[in-house]
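Note that the chains take the letters A, B, C and D in the order they are written out, and that residue 1 is the start of every chain.
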Amino acid sequence: MPHVLLTGFAPFGGESTNPSWEAVQALEGEVVAGHRIVARCLPVEFDASLHALQHALDELVPSLVICVGQAGGRAQMSLERVAINVIDARIPDNAGAQPIDEPVAADGPAAYFTSLPLKAMLAALRNAGFPAEISQTAGTYVCNHVFYALMHALRGLPGVRGGFVHIPYSPAQAALHAGAPSLPSTVVAQALRLAVGIALTVEHDVWMGGGATH
Amino acid sequence: MPHVLLTGFAPFGGESTNPSWEAVQALEGEVVAGHRIVARCLPVEFDASLHALQHALDELVPSLVICVGQAGGRAQMSLERVAINVIDARIPDNAGAQPIDEPVAADGPAAYFTSLPLKAMLAALRNAGFPAEISQTAGTYVCNHVFYALMHALRGLPGVRGGFVHIPYSPAQAALHAGAPSLPSTVVAQALRLAVGIALTVEHDVWMGGGATH
Amino acid sequence: MPHVLLTGFAPFGGESTNPSWEAVQALEGEVVAGHRIVARCLPVEFDASLHALQHALDELVPSLVICVGQAGGRAQMSLERVAINVIDARIPDNAGAQPIDEPVAADGPAAYFTSLPLKAMLAALRNAGFPAEISQTAGTYVCNHVFYALMHALRGLPGVRGGFVHIPYSPAQAALHAGAPSLPSTVVAQALRLAVGIALTVEHDVWMGGGATH
Amino acid sequence: MPHVLLTGFAPFGGESTNPSWEAVQALEGEVVAGHRIVARCLPVEFDASLHALQHALDELVPSLVICVGQAGGRAQMSLERVAINVIDARIPDNAGAQPIDEPVAADGPAAYFTSLPLKAMLAALRNAGFPAEISQTAGTYVCNHVFYALMHALRGLPGVRGGFVHIPYSPAQAALHAGAPSLPSTVVAQALRLAVGIALTVEHDVWMGGGATH
């Protein structure tokens, strides 16, 4: 049976958990539209994350890859539109590295757009009652780094869709961050299951606004 | 068995549901610390809400009253500190009334502080992983109106604690409000159960900061 | 000539300036509607601020008092509606005091409403192009403390109006707080001059919404 | 004398002014580091804006181009890092066009990075007391469209730097948008003058963080 690769991240930035990993782990082994979901946890390290990602891609040869990361402070699930070829780390990664204004891939283009049917996913999530939005930036930290590297790795494989989804804090994390929004990882897992199904079955993305005036 | 009165609200402002009612309704009939929870739904109408509240107070003679209302846009459960004696309605209530700069009670003081042990509730909620905060304003709409009227009604009953809790959108509501934070009503219900237990059993509130510089 | 007392605050919270003082100082000696403006700087200390305020009230016997304080993070000028009788200090004051859940005045009521014609001031400010809003909470720190104490001191003087206005960071302060909004103290001073004129000349406040649903 | 081209935009989105044009217009004719500033106003129309931009580039053959646009709701001056090759218009442009998920340039790459020394500009602005930040997205509307087209036009001209700066509402605009931050166009003009000088004289950008974790 073909594979879907879902990745989450290890905790970082002083957190003791990372709901991105909890959410994708909950889907491990599930079958969606004839594909088996495999969940992998990536380290929050610029170098090691790419090795772990490439290892999973080589081992599983997945039909679809969605990387999931935490965006503490965002209120909704963010379907990322574009990965940019830059690292500008506001805090050190878990290995202590903090590159500034360095490329993810020295030989890569300035950016890659996701190959997920983003608008179809957005419509399906909202219709099902999941708070979701299109995001025009995945930041410049490990999440964008992994997203860019994923699209760079998939550039020769036009049939394999890839993309990135940012998620809010979990309620338990938000309990430690006064005023911060949250979404339980159980809700995130349900939303991801739905998103995987759309990404596997919708051939042409729908025509629907999701932009930002700035 | 003595009663705890929990109130939620009917939908308003164009919403088709109100998670404040869903959350308290889920606790109907539960027994916490020797008290039975009774849940009541208040109309989002300045006049009718107070009649419904007074009716419930007269009928149940509760030992504890917590009114719950929705604060679309807030990210965490808000434990309200103070109710003020003013109505300044930004939108009409469900009966079409939109008073501006009128008192809730013509003969009442400018404000009432909650009689709930707010800091003990805050500490317990956070320790249990529920995102919560103290709020210094309940607004000037029906929620503050009901909160003020509750404290006005309880002023002669020193043994009966009362207060107000604002909650975020549900995820399904937030799916219709791009960028808005949410909290599932199931999570809210669990947090309220815990809060009720604290309010019934903690005699003296704890010493813990919960203020705002502005 | 009768006096208008405008107070600003000394720097606090790690800032090296306080635009509330810069703005009111710029108006020192100006004559508005037959009243001379006197500007005074209050210390950001719970005890000393009240002594300085009372001293100015005793000395000047002003016809109007507007205290101005900084609300770093707010985007517009905030006309405060209500002062509450509580101190809950999130950070120590400049003398190191950090009271929690203590009253401003042990013998005072729960709150005082401003006696300024808030809506007339709001309308005039907006019409003149100044970003302003009504605020339903002045916090629980020194600003609310001074505001409450002012209204407590004026309670026996029905002809003397008093109130509080919160202002944003200055641009130079915001340059040190990534993402924070600002308003130049020159703009604040112009807006305050206009607000003083309204407060001195408008007898009955206008009927205009300025509330919050929560 | 060589030229610096600064562009602002016409009003849009229901506004009657556009402070981006007010700010650059105020610098028209000024000489900075041996270059004369020329200010041009672009229409907020996907097609016409590019014609006007290209016309100005052909006529002036500038050494430096900074396009300035309004980002109502942002609190600080935003130095844009990257332009992406997509239009996803949330509202129609001033000619009624509202493209969704169309490229700016059918033959262009996914994105261009600015060629301005962004971090040197950021440091200089902050040191001079101007609130500024790096932005990782210029949106998907006319601003990003013009930014992308500018970098596409400059791709064969390595000695000519180009980029985009987003600015907040003016105070008078914010007076009509409750809660929105603002910055006077006079302050914006001063900041832009400083930024132009840095862009003309700093050869190698400085090493300084300006990223976002997400």
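Methods note: contacts are C-beta pairs under 8 Å (C-beta built on N, C-alpha and C of every residue); 3 or more make two chains touch, one makes a residue touch a chain.
Protein names from UniProt, one per chain: A, B, C, D = Pyrrolidone-carboxylate peptidase.
Everything quoted here is computed from the prediction, not taken from an experiment.
Trainee: Identify which chain pair among A-D, A-B or B-C reproduces the interface of C-D, meaning that over half of its contact pairs, matched by residue number, are the same.
Mentor: Comparing residue numbers across A-D, A-B or B-C, the repeat of C-D turns out to be A-B.
Trainee: Suppose each chain is reduced to the average of its Cα coordinates; what separation in Å results between chain A and chain C?
Mentor: About 46 Å, centre to centre.
Trainee: Just how far, in Å, is the C-alpha centre of chain C from the one of chain B?
Mentor: Distance between chain centres, rounded to whole Å: 30 Å.
Trainee: List the centre-to-centre spacing of chain A and chain B in whole Å, with centres computed as mean CA coordinates.
Mentor: Distance between chain centres, rounded to whole Å: 37 Å.
Trainee: In chain D, what residues contact two or more other chains?
Mentor: Residues of chain D never touch two or more of the other chains.
Trainee: Connecting every touching chain pair, does the picture come out as line, ring, star, complete or other?
Mentor: Basically the chains close up into a ring.
Trainee: Got a list of which chains touch which?
Mentor: A-B, A-D, B-C, C-D
Trainee: Which residues of chain B touch chain A in their complex?
Mentor: Spelled out, the residues of chain B in touch with chain A are 75-76, 125-126, 128-133, 168, 171-172, 174-184, 187.
Trainee: Can you tell me which positions in chain D touch chain A when the two form their complex?
Mentor: Where chain D meets chain A, its residues are 13, 69-74, 78, 81-82, 84, 86-91, 98, 100-101, 109-113, 119, 134, 136-141, 143-144, 166, 205, 207-214.
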